[in-house]
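Next come two complexes, and both contain subunit A; in the first it sits with subunit B, in the second with subunit C.
And then the complex of A and B:
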């Protein structure tokens, strides 16, 4: 398998005023092959969105990559200038944002918003781009919706908006799509539709897909590999069936306890996550393992020493003292 | 349709209110146009009384107002004591001078403010942005009169521009091209002074409207799609930032007639400003009422234009 994306020792920081920078992602290393779907899972605030934004140099003000490499087709994106990155974004690697209701421009017609992406990356007239946009919309589940390209975002449902956002992302035929919580804002039924759509597109275009979520159930039908993040660290990664069926890290075990059904037969009575406590403040991480305060298998050594990665099997990596 | 009717009714109420208020304030202030004559020993008190009687100044406020209102509805806005002519022709020529000046100043100010504000927002916190912000603060802090006086001093020193009026004394003898040139030269300084007064406000509004949009998720998303920077700013961000700017544009349309009064007086532009100032000082009541009313018409019309533009620009408003 050829490697499309190689991330090595990536550290993402945020600086606020004169305080020392907070590490929101630390020591992140992973690979992605062409056509492969990688699920990234973790609670909100664990650094998964920052990781995704850092890959494309889209971090908000104050955010920066302190060290590490992001090699895409052999080029280190971290070293690219903004003008070169702009040619990669949308054309080679594209992004689907958390809430399409917020990620679409409220005053532009959706067809034009797709055409804009095409115009940005191809020598193409506005008229041609609009025609292309209509074709993409028809492909992506709007067949029979004549004139959908003339609609404004507020006239569409949440699921329709997310489809438009996906259409924008695939318009230029990228090799990699990064989808950040693409279904979180949607109803359960629409979630299934969108995940199915992503899977179809992924197979049809041989897309590599990075799917970020905090509900493990979303990953079940689609992910080839899964990466679990906690407090800015990758705590476990491996093939999807292995991680889902036999989680090693106590945090992964806790996450999966909250269920793998996207459409639960009955709504869960208790809190969604069965892990007690709150995710730690990244600006003031405890000594030792960051998960130790919430861990059911905590040992004395966990509170004093940080765990290191240990490999088990071919592609299984876990960061927990239990397995060292 | 019902919207238009509502707007129209609203406008009529505003104009009625403005006229009543102007009338009442003029009446409440001590004295009238003929008051000064009483100090003149050559004019007998009987003559003054007779004049006041002839012009109807002895009647009570409601009666005067209703009589004025009746004739105003027929298109007659009354008579100027000082100029001894009907008010409307006098007002019309002065108002058109003011309009030429204000329109040019406003167009210039917006044409500079939009690129400057967008550019400052795009470079937030950089030295260029801070320089713009310092510049606008300075302009904002300077009184308009001082800017006008500065420009006048500049004109005198360099001799590049005439100072005052709209035409040279010799303009009558000039050919058409030379006359236009002469007029434009007279127009530039007052227009610059007027534009300098509103420019900082416009720049700041453009900048802050753009900043709100530049931080929005949809702009981040557009950047993530690799939209080039200039297109991102002007095609994606500016239309989304337009709403507050359109409202501001409506307000600035509304102040077209009244915004330039001071500059006109200082730079002796023969517009509404000097006329209104004299009329107030001399208690030339019907000129004052008509001028204030005309300004109010512009204010109402400006807001209406802004509403129409908002409706055209924002699909979310159309949907309501």
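And then the complex of A and C:
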């Protein structure tokens, strides 16, 4: 399998005033092959979105990549200039944002907004681009809607808006699509629709997909591999069935236990469990393992020493002292 | 579009068209002097003559000079000489003094005018000034200077304001700091003294055209501060919108983001500012010419027409000399109506 994306020791920091920078993503390393889906799960504020934004150099003001590399088709994206990055964004790697209702300009027609992505990357006229946009819309499930490209975002439902946002993302035929919580704002039925759509598109275009979510259930039908993040660190990664069925890290276990009907045949009846406490303040991480204060399998050593990655099996990596 | 906005825009368009078409609408050349009729009062249009007959074509009575000491003023109507109004008259204009051709052969031009009376009669619907120049004609020609100076100056300062405000809001950091401190300096300066100072640098006698562009430049270049701050505020909030980030993640350049997603959000503010700034700048031109620093005689502007009122006897005796001040009222009202309507439309 050829590697499309290689992330090595990525550290993302936010600087606020004169305070020392906060590490929101630390020591992140992972690979992605063409046509592969990687699910990233974790609670809010554990660095999933920052990691995704850092890959494309889209961090907001104050955010920067302190070290590490992001190799996409062999080029280190971290070292690229803004103008070169602009050629990569949308054309090679594109992004589906959290809330499609906000990610579409409310005063522009959706067809035009898709056409613009095409115009930004190809030498085509607005007319051609509009035609192309119509075709893409038909392809992603708007076949029955003739005039959908003339609609404004407010005339569409949440699921339709998310489809339009996905259409924007795939318009230029990218190799990698990063979807940041693409279904969080949608109801359960539409979630299934969107995930099914992503899966179809992925198979059709041989897309690599990074799917960020905090509901592990959405990953079940689509993810090949899963990466679990906690407090800016990747605590576990491995093949999806392995991680979902036999989680190693106590955090992953807690996260999966608190999910609804993940794997219906195995889910025990009884009250849902939850992980006590809340994610730590990234600016003041506790000594030792960041998860230790909330961990049910806490040991003495967890509070003094940071765990390191340990490999188990072919592609299973876990960052927990228990498995060292 | 709201009724109010339509009405106000229609009014403004009509006023500007009238002013632009001064050559056609004005009965006289603005500099044409009628020395026999200095400070002639406005003539009334009559439909019914002294014998009680109704005329379909309105007429004015010829003026005769009576005596300086009369209570009703020095002029009175000659009831025996009715001058019917003629429309679409071909008129010959003699530039300069029509009384004496001492300064060589006066230049003559022929062109069509909306109305006039048969010579040797004269028609002064808004009266005349101390040189016997027709006030109506001077108002129309003067509007070309006053109204368009305001308009051009507003375009200039808004253009600068949008440019600097969007750079400031979009890029932030040091350009923002430099531009905004600059804007604060401009806002702290009392602009009228600033204008005096700038004017003081320049030669005392400049032609009408040069002084027009000078005024536009000076007013426009000093007025960018407030619009730029407003634009900066809108840009600042617009650039953090999710769809701007989304467009960036599809490979949009900064220029594209500004043009397509951010600047359109400032249009409302810019339009409102335009409708407020134009009358303000018209007033600035009027103030300037009133003080003798703007467009100078014999070219008319509403400001230098009002300057006559600096003489006490004019102020006391010749009320029609306020005409240039009175026309400012509807212009201001209409512009403010536009501003009001635009702002309402945004809410």
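In this section, the second predicted complex is superposed on the first by the 310 of 324 C-alpha atoms of A that agree within 3 Å, B and C clash if a C-alpha of one lies under 4 Å from a C-alpha of the other, contacts with A are read in each partner's own complex, and residues count from 1 in each chain.
Convention: contacts are C-beta pairs under 8 Å (C-beta built on N, C-alpha and C of every residue); 3 or more make two chains touch, one makes a residue touch a chain.
Please read these numbers as outputs of a predicted model, since none were measured by experiment.
Visitor: Clash or fit: subunit B and subunit C on subunit A?
Guide: clash
Visitor: Is A:145 touching the first partner subunit B, the second partner subunit C, both, or neither of them?
Guide: Touch status of A:145: no partner.
Visitor: Between subunit B (first) and subunit C (second), which does A:135 come into contact with in this model arrangement: first, second, both, or neither?
Guide: Neither partner.
Visitor: Go through the superposed model and pick first if A:91 touches only subunit B, second if only subunit C, both, or neither.
Guide: both
Visitor: If we overlay the two complexes on their shared chain A, which of subunit B and subunit C does A:311 touch? Say first, second, both or neither.
Guide: A:311 sits against neither subunit B nor subunit C.
Visitor: In the superposed arrangement, which partner chain does A:155 touch: subunit B (first), subunit C (second), both, or neither?
Guide: first
Visitor: Report for A:116: first if it touches subunit B alone, second if subunit C alone, otherwise both or neither.
Guide: In the superposed model, A:116 contacts both subunit B and subunit C.
Visitor: Report which listed segment of subunit C has C-alpha atoms clashing with subunit B; options: 109-117, 163-171 or 307-315.
Guide: It is 163-171.
Visitor: Please write out, lowest number first, the residues of subunit A touched by both subunit B and subunit C across the two complexes.
Guide: On subunit A, the residues that contact subunit B in one structure and subunit C in the other are 56, 58, 86-91, 94-95, 97-99, 102-108, 116-117, 120-121, 165, 168-169.
Visitor: In the complex, go through subunit B and note every residue touching subunit A.
Guide: Touching subunit A from subunit B are residues 216-229, 231, 235-236, 239-240, 242, 313-316, 319.
Visitor: Quick one: which bits of subunit A touch subunit C in the complex? Just the residue numbers, please.
Guide: Subunit A residues touching subunit C: 56, 58, 61, 83, 86-91, 94-95, 97-99, 102-108, 116-117, 120-121, 165, 168-169.
Visitor: In the complex of these two chains, what residues of subunit C are touching subunit A?
Guide: Listed in rising order, the residues are 172, 241-243, 245-253, 256, 260-261, 264.
Visitor: Of all residues in subunit A, which touch subunit B in the complex?
Guide: 56, 58, 60, 86-91, 94-95, 97-99, 102-108, 116-117, 120-121, 152, 154-155, 165, 168-169
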